[in-house]
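This report concerns only the one structure given below.
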Amino acid sequence: MKITQREVGSAAILDLNGKLTGGPDADAFRDVFKSLLEQNKKHIIVNLEKVSWINSTGLGILIHNYNTVRGAGGDMVVMHASERIESILYVTKLNLLFKSFNSEDEAVRSFTAAR
Amino acid sequence: MKITQREVGSAAILDLNGKLTGGPDADAFRDVFKSLLEQNKKHIIVNLEKVSWINSTGLGILIHNYNTVRGAGGDMVVMHASERIESILYVTKLNLLFKSFNSEDEAVRSFTAAR
Amino acid sequence: MGKNNVEQMILNIPSDLKYLGAVDAAIQDLAREFSFSPDAINDVSTALVEACSNAIEHGNHFAKDKRVVVTLRFNGGDFVATVQDEGRGFDFAKALRDEAGPDPMSERGRGILIMRAFTDDLKFKCDDKGLTVELTKLRGGGGDAGQ
Amino acid sequence: MGKNNVEQMILNIPSDLKYLGAVDAAIQDLAREFSFSPDAINDVSTALVEACSNAIEHGNHFAKDKRVVVTLRFNGGDFVATVQDEGRGFDFAKALRDEAGPDPMSERGRGILIMRAFTDDLKFKCDDKGLTVELTKLRGGGGDAGQ
């Protein structure tokens, strides 16, 4: 899995490319989050557009980083999840944990809206 | 494989969808050509845009129908072949037999241009 | 190859997550070939990937010399897959009784939940060769994951 | 599973063209996973599909109870596949000598040409089990199909 990083407004966007299945991916992903939080960037959007699929270990990686960000007073949302991934988030009730958007605009604005 | 039929100018366009690998596909394909020739439609474009791949039996089907059309005084061209299919046409020198276009416009015009 | 003489595809992979994508790609293409709907294709692929992930991780502990064997069968329209690892199994009866699933914040424990949600039937069996999971998806059925 | 204890994926399919797409999808994903270039992925998939087509058609004559066994291996970066059918083989030495390929108008006889063009090495072997084709694609190489 490849991770590319960019910024829009107050948000850091992580464009993932590949499959999210654990293994070495987990470490790379965690390192990116750590470095973002160290730079005080606490609004993180995980772009799943180019993630063809995810398994439960991959979900675990997302949850781990979500917990880290929340623990640091920030927030994480996902965007552009495929129907396949949406249905996994729904079945595992993770859609109740972190928000999922279909538009980058909405995802970016979600951090500034009243919570 | 699904075959959909439409007309643009003097040309009949066959939109293929699936894989071209022989078997039952061959018969269906031949029947369409037969019926086109019976209706005196002799300018046939095979649209490969939604053909993910082809094997040599599939090539044989194309050649068979090309030969039939030519024998009836018509012509057949292909369009929107993927890079994968283009390279097969090239390696088998079939690109010297029937023309391959990347634009529908050009494919349609190829029948009226001086040959 | 006697016992393979049924209309099924068999995939045999090392205990390495690198091979999961190939299994996923194969089942997706096959389910399309057997006229499953796009939703049903997603469902069976997701469940199968979960079963393989568990076989690789919990069954074979990523051991390079242990294999995961997957069979894919379209039985009169319905889909049945088995995933066999070389491990010693676990208390799957207990796991299947746990309807609730894990705490939302927990980083683990969603594999069986996902397999159950995306299939119509889920069975485990353990013998001296290892653990086998059997996943069934009826052509008409939708599991309970339909949205 | 002793002799499978190398880093390879094994696909075992019925003699039915329906399963070709799943083999194609699997090798494409695997080649991507092992960092093959898009061109090289197309090449190996094309060659492999040709070998499987021949095994199903000429080797097993579409017999429902005969199998085609495919092994996929990335050996220090290079790719080696074997395709084994249950047939009696053919005069492959002669076929390999025929550099010219078929008449352009001929409807048949391009499979071996394609396999040769899209791989770096092509070998046949025939024993009492059946015919085995071995396809090799070097990571750096391009066959002679590069355009």
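First chain written, first letter: the chains are A, B, C and D, and each begins at residue 1.
Heads up, the rule we're going with is that contacts are C-beta pairs under 8 Å (C-beta built on N, C-alpha and C of every residue); 3 or more make two chains touch, one makes a residue touch a chain.
Note that this is a predicted model, so its numbers are computed, not measured.
Most remote chain with respect to chain C, judged by CA-atom centres, is B. Spacing of chain A relative to chain B, judged by their CA centroids, is 45 angstrom. Here the spacing of chain A and chain C, counted between their Cα centres, is 26 Å. Per-chain Cα centroids separate chain B from chain C by 40 Å.
Touching of two or more other chains is recorded for no residue of chain B. Within chain D, contacts with two or more other chains are made by residues 21, 24. In summary, the structure contains touching chain pairs A-C, B-D, C-D.
Contact residues of chain C toward chain A in the complex are 17, 20-21, 24, 39, 42-43, 45-46, 49-50, 53, 57, 101, 104-111, 113-114, 117-118, 145, 147. Against chain D, in their complex, chain B makes its touches with residues 19, 21-23, 52-53, 55-57, 59-61, 63-64, 67, 83-84, 86-88, 90-94, 96-97.
Taken together, the chain D residues at the contact with chain C in this complex read 1, 4-5, 7-14, 16, 18-19, 21-30, 32-34, 64-65, 67, 69, 72, 86.
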